[in-house]
Amino acid sequence: MTEPLLEFRDVTIQYQTNRGPVTAVSGASFSIEPGEFSGLVGESGSGKSTLVKSVIGGLDSNGEVTAGKILYKGEEIQDYTEEELNEKIRWKEISYIPQSSMNSLDPLQRVSEQAVEIASVHSDLSKSEALERFKELFEIVGLSPDRIDDYPHQFSGGMQQRAITALALFLDPALIIADEPTTALDVIMQDQIFKYLDRVKANTDTSMLLITHDISVVFESCEQIAVLHGGQVCESGSVEDIYRNPTHPYSILLQRAFPDIRYPDRKLEIIEGHPPEQLGEVTECSFVERCPWAVDACYENAPPLENVSESEQNHQSACFRNDETHALKGELTELAGLTDGGEPNE
Amino acid sequence: MEVNPMNETPVLEIRNLEKYFTRKGGFLDSLFGSSKEPIRAVDDVSLALDQNEVQGIIGESGCGKSTLLKTVIGLTDPTGGDIFYKGKPLSEFSKRDWKEFRKNVQIIFQNPFESLDPKFTVRESLIEPLKIHDIEYSEERIHDALDRVQLNPPQKYLDRLPKQLSGGEKQRVSIARAIIVEPDVILADEPVSMLDVSTQAAILRLLSDLTEELGLSMLYISHDLSTVSDICDLIHVMYLGRVVETAPTNQILGQPRHPYSQALIDAIPIPDPFSDRPRTALDGSPPSPEELEAGCRFKDRCPERMPRCDTAPKKVETDPDQFTACHLHYEESDSRPNTEAALQGGNTQ
Amino acid sequence: MSLEVGGIRSLKDRFLIRDVLSGLRRLMDDRPAKLAMGYLSVMLVLAVIGPHIAPYPYDKILFSEAGQILRAQPPSLAHPLGTTSTGQDVLSRMIYGVRPTMITGLLGGLIIVTLGGMVGITAGYLGGQTDNVLMRITDFIYSIPLIPFAIVLVGVFGIDFFVTIFIIGGILWRGSARVLRSKVLQIKQRPYILMTKASGASTPYIILKHIVPNVGSMVILFFAMGIGYAIIAQAGLAFVGVSNPFIPSWGVMIRNAYRSGLVADAWWWSLPPGLLISTTVLSAIMLGRRFEVLSGQTDDAMLEMG
Amino acid sequence: MSMKRYVAVRTIQTAVLLMLILTFLFMLFRLIPGSIADQMIFQGASPEAVAAFEEQWGLNDPLHVQYYHYLVNMAQLDPGTSLHYRKPVLDYVKLKMFNTFILVAPGVTAGYLLGTSLGTIMGIKRDSLLEKYGIFPIVGVGTTPSFFLAIIGVIIFAGWLGLVPTSGMITPQVALEMGEDAPWWKIYTTGDFLWHYVLPFSVIAIKYMYEPLLIMRTSVVEMAGQDFLHYHKLTGLPKARWIRHLGKHAIIPIITFYPISLGRAISGLVLIEIVFNWPGIGNALVEAVLQSDYPVIQFVFFLTAAFVVVGNYVVDIVYGMIDPRISIAD
């Protein structure tokens, strides 16, 4: 196995508040291999945005990685200063597609000017070379190249999203972090964006970390997936393994909460409650309050991520009842009256 | 207002509804000689909602679906066509009719975070519609409403302010507020789109159960076909102000006839890594509603574009109960004179 | 039945009381706010009882034992703040001056926030032509420089203490009107207002029950700022001399000190009233600002005043 | 809205506003108790002068004709003759205007520059000691009446330290020595003028630093939280460059606030001029009011109001040019 491109090792991130430290991420581990598209899934409050911010230094001033390591190409980057991040990481190595693409371009500057500025900071490209390259990228993301000199307000929401995607691809980064890149868009627009990202995947070695609440998007576009709940990684592995054999109760339920247009009559699973806000150290499974199968042990310790089976590489789940989940799932099928049609490839 | 005992009259009917926004042309516009076309946000929309029926209106943002809802509920006046409540047109409403209508037609909005007055407790939010409609109420009625939306026990929630509720709980209170006056019709404007998926299913199921239990009719608006399939009996697909296709839910999901409906369904991601769904074939985004050309509004993005598309298509019954406004589905000889006004859909049944 | 009627009444009562109480409770947890509140309370008490506890009548000319007028005496035990050039006790004048200052502030603030609130909320909520007309009027008021205008009006039409307050209030409402309007424009698009509207509630009902409570903290901020700016403007007019010179306000004191030509020498005469003006204004504005911040509103209102 | 349209709208609005102010003034001075002619005679004007005055303003005509004459006179910048000084108002006011201008323009500008830079620093370095405690003296200045600030200055720097004169613009002796024939601008080049100038200038700068400082501080904090600046930071722009971006956006509220501030500056300036006995239009206005010199009052008041209105207009146009959302139609 090669060295992972980006690796989180037992990362804990806390925010200092006047009520004490709030733990947004606790003991999270997972990694991204070169050339791979990886999805990080969780609902609001799961800590997924905090986790990605810790990589490129976007944490709020009261937030800090208090334990664990973030390794990029083997080098620890969690303690990098702003200057070091600017020098070594940002855009040269890791670029970023923000959630709020609508407001992420400077309204007072032409889009091309913003691209040229990035190029002048991070590369040796001349202005004309930079513009040439930016035009090519506009074409790749499905925008007309002669619109690079427009102001952001002249673009629609979907077009701004594409321009932001072009900027992320601009300097050939090794990794793109995309934070809910399509949440604000309509389905057709979302699919168009992913069409172009598919193209990137096919034609370059760039890896991507896709942060989203939408498990369908990850199943369709990524190879690896990590499911996050209440700051803990519940389960991680290849999308095929997790689809076929979800093991953590949260992944099992989350997967069944998503509508599948092929089975419009399937009853959707409901997960009661919300991810908890963790004050101080986390000493239990963050899903315990919402879990239908919680036992006493779940309150006493946070379960570690463990391999699920010998046969599935890299498939890990953090649940004390990993071995029993097949039986539990059966119970669920009965409870929810799930039709067999909902479980292809079993 | 009399109620037809046979229920043959739809509870709510919209006939050829139009809502055009004229852009403010003042003294200065005439100075610069720029006279502007009105924005046709809702253009010739017709539908009929029977008792205890749930219909969905699906379309991308900007297609006019929210304007349609606001027009139906009387927040803005239509510029053409009419709305009928139990057979009576809104344009002929007396003051009393309006009062009756406003009690019986309730709305639920998209954003749960702004749907409740931040200064009102849950109790006050629930009492307010009763007070406005001069309905006598008891503590029981309020408890009952919270019970129905599964906020248990009610005492726990009554004195909370909205900021002390989660998004899902807020939306439940909004629903309770809507049903507490015992309406006939609920208009729902994407009530789950801002909630987490784990909560979405719960709210959808709640709405579905409530319409069944209380015999409500509902008009449900959404941009997302996948979430409404469970709840709606009939679906209207809307594109740039017009309804392009109307069909029962399973029929439209299984065999969409309009290329736009097809594209909408094809673009929905499938939670299955083995599905191999092809990406959408559509490029670009909808044109601005400010500069619409004659003919079919979808023609510039349509993979099936033909010369005929420059005339407005009429709506034909392509399959039983399925109405589609597309030239693909009827011969030229069928077409009536191609003025837009003459081309009405047959979708009012 | 009684329960229902009680329900309605308690709703209305509790509604307002709850808001004010929770605001006050939050203020009391805040040290600077407590300090400002304490200071203003003392000022209010002095405004009521000041003339009764002042050591001397403010206009009494004091003589030394030798029969000489005590002109511009520096601070001493008998006169902790010294005397004026005409032999009056500065401390007594200061205490007398609290009352006109507080009247100016409260009345001025009230006028400002009432006019501004009415114009801003009406314009914002009704929109259309009403909004257009009201905002053009506001623009017009914005073009009037307050002090020159007041000088002209008061100078030409005669000098009266209350007239100056009305002029000040009649101009300074413009800032609050503008900000409140834009706030109301935002609020009226919120679903809860649309919902109430769709259920057939009347416009006055919506304004009173939903709009006003939701701009309440901002209204209070403008009231506080109005107090401050009215006091400053009034002092300015008194200093120019276009205010009733026989009302012993702090502004008049500074004017007298300045006109006596002793302003640099008799610092005990001119500094105390000026400092009191500053601290009073500061306390009022800070209190309003804390209230607004603690009520969770934004602070964009702060600078649009005046 | 296109830029052309935007400019047209603002131009028309401004013209209407100026007309409104003129009309308002016209009505105001027709409401004055007693006739102006009586007032003139009371002040010792000759009957001929009274007649000339009535002729110029058409005072014996019906109101609408008077209004017409009034507008024509004002449009020709001919506001009549001062009742007190017996010379054309414009001649009398011209020099006063210059005196005011030379004090207020550099003073307010210096205040703006200082306030904006300090505000930027405070906004960027939040939680620093400067931000935490530096705000107190600033707010203190903001809540102190401008004339009192000036008096404190006089007490400390003129009275106690004796560094500068207490009042005036020039020592009379110096002015006299220059002689009658010296060009009018000569006195502004003397060291004596500068000596008189320092204190009022500093007071104005300090007083008008407060608002831009607070606005800039809030604006910088607010802007730093904007998505596009966050994004720009994550693209790895060096700090200095990023701050330049931030500043460009954060300064917009300052620009839009400028006319309001200017209006207030003019208002407060009257008081500062009086403290320093500075021979500007503020002093002229008070003097004219005390002498019931209506033509002067009318014109000076119009000047100050027009200054605010036109300032507002210029700023709006500049703002329109900076922001492509206004200047480039989509």
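In this document, chain identifiers A, B, C and D correspond to the written order of the chains, with residue numbering beginning at 1 in each.
In this text, a residue touches a chain if its C-beta (ideal position, glycine included) is under 8 Å from a C-beta of that chain, and two chains touch if they have at least 3 such contacts.
No experiment lies behind these values; they were computed from the predicted model shown.
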(message) Starting at chain C, how many touching-chain steps does it take at least to reach chain D?
(response) 1
(message) So using the touch definition from the top, which pair is joined by more C-beta contacts, A-B or A-D?
(response) A-B
(message) If you average the CA coordinates per chain, which chain's centre is most distant from that of chain C?
(response) A
(request) Using mean C-alpha positions as chain centres, tell me how far chain A is from chain B in Å, no decimals. (result) 33
(request) Go ahead and note the Å separation of the Cα centroids belonging to chain B and chain C. (result) 50
(request) Between chain A and chain D, tell me the centre distance in angstrom, where each centre is the average of that chain's C-alpha atoms. (result) 56
(message) Which positions in chain B are in touch with at least two other chains?
(response) none
(request) Check each residue of chain A and list the ones that touch at least two other chains. (result) none
(message) Two or more other chains touching the same residue: where does that happen in chain C?
(response) none
(request) Over in the complex, which chain B residues touch chain A? Could you list them? (result) 60-61, 166, 196-202, 204-205, 223-227, 229-230, 249-250, 253, 263-275, 277, 279-280, 282-285
(message) For a test of understanding, state which residues of chain C touch chain D in their complex under the given definition.
(response) 139-140, 142-149, 151-152, 155-157, 228, 232, 235-236, 239-242, 251, 254, 258, 263-265, 267, 270-271, 274, 277-278, 281-282, 285-286, 299-300, 302-304, 306
(message) If we count contacts the way the header does, which residues on chain A are in touch with chain D in the complex?
(response) 56-58, 61, 82-83, 85-86, 89-92, 95-96, 98, 100, 102-108, 114, 117-118, 121-122, 151, 153-154, 164, 167
(message) Touching residues of chain B toward chain C in the complex: what are they?
(response) 70, 73-75, 98-99, 102-103, 105-107, 109-111, 114-119, 123-125, 127-129, 131-133, 136-139, 174, 177, 181
(request) Going by the contact rule at the top, pick out the chain D residues touching chain C in the complex. (result) 13, 17, 20-21, 24, 28, 32-33, 139-140, 143-148, 151-152, 154-155, 158-160, 166, 211, 214-215, 218, 257, 260, 263-264, 266-268, 270-271, 274-275, 282, 285-286, 289-290, 292, 297, 300-301, 304-305, 308-309, 312
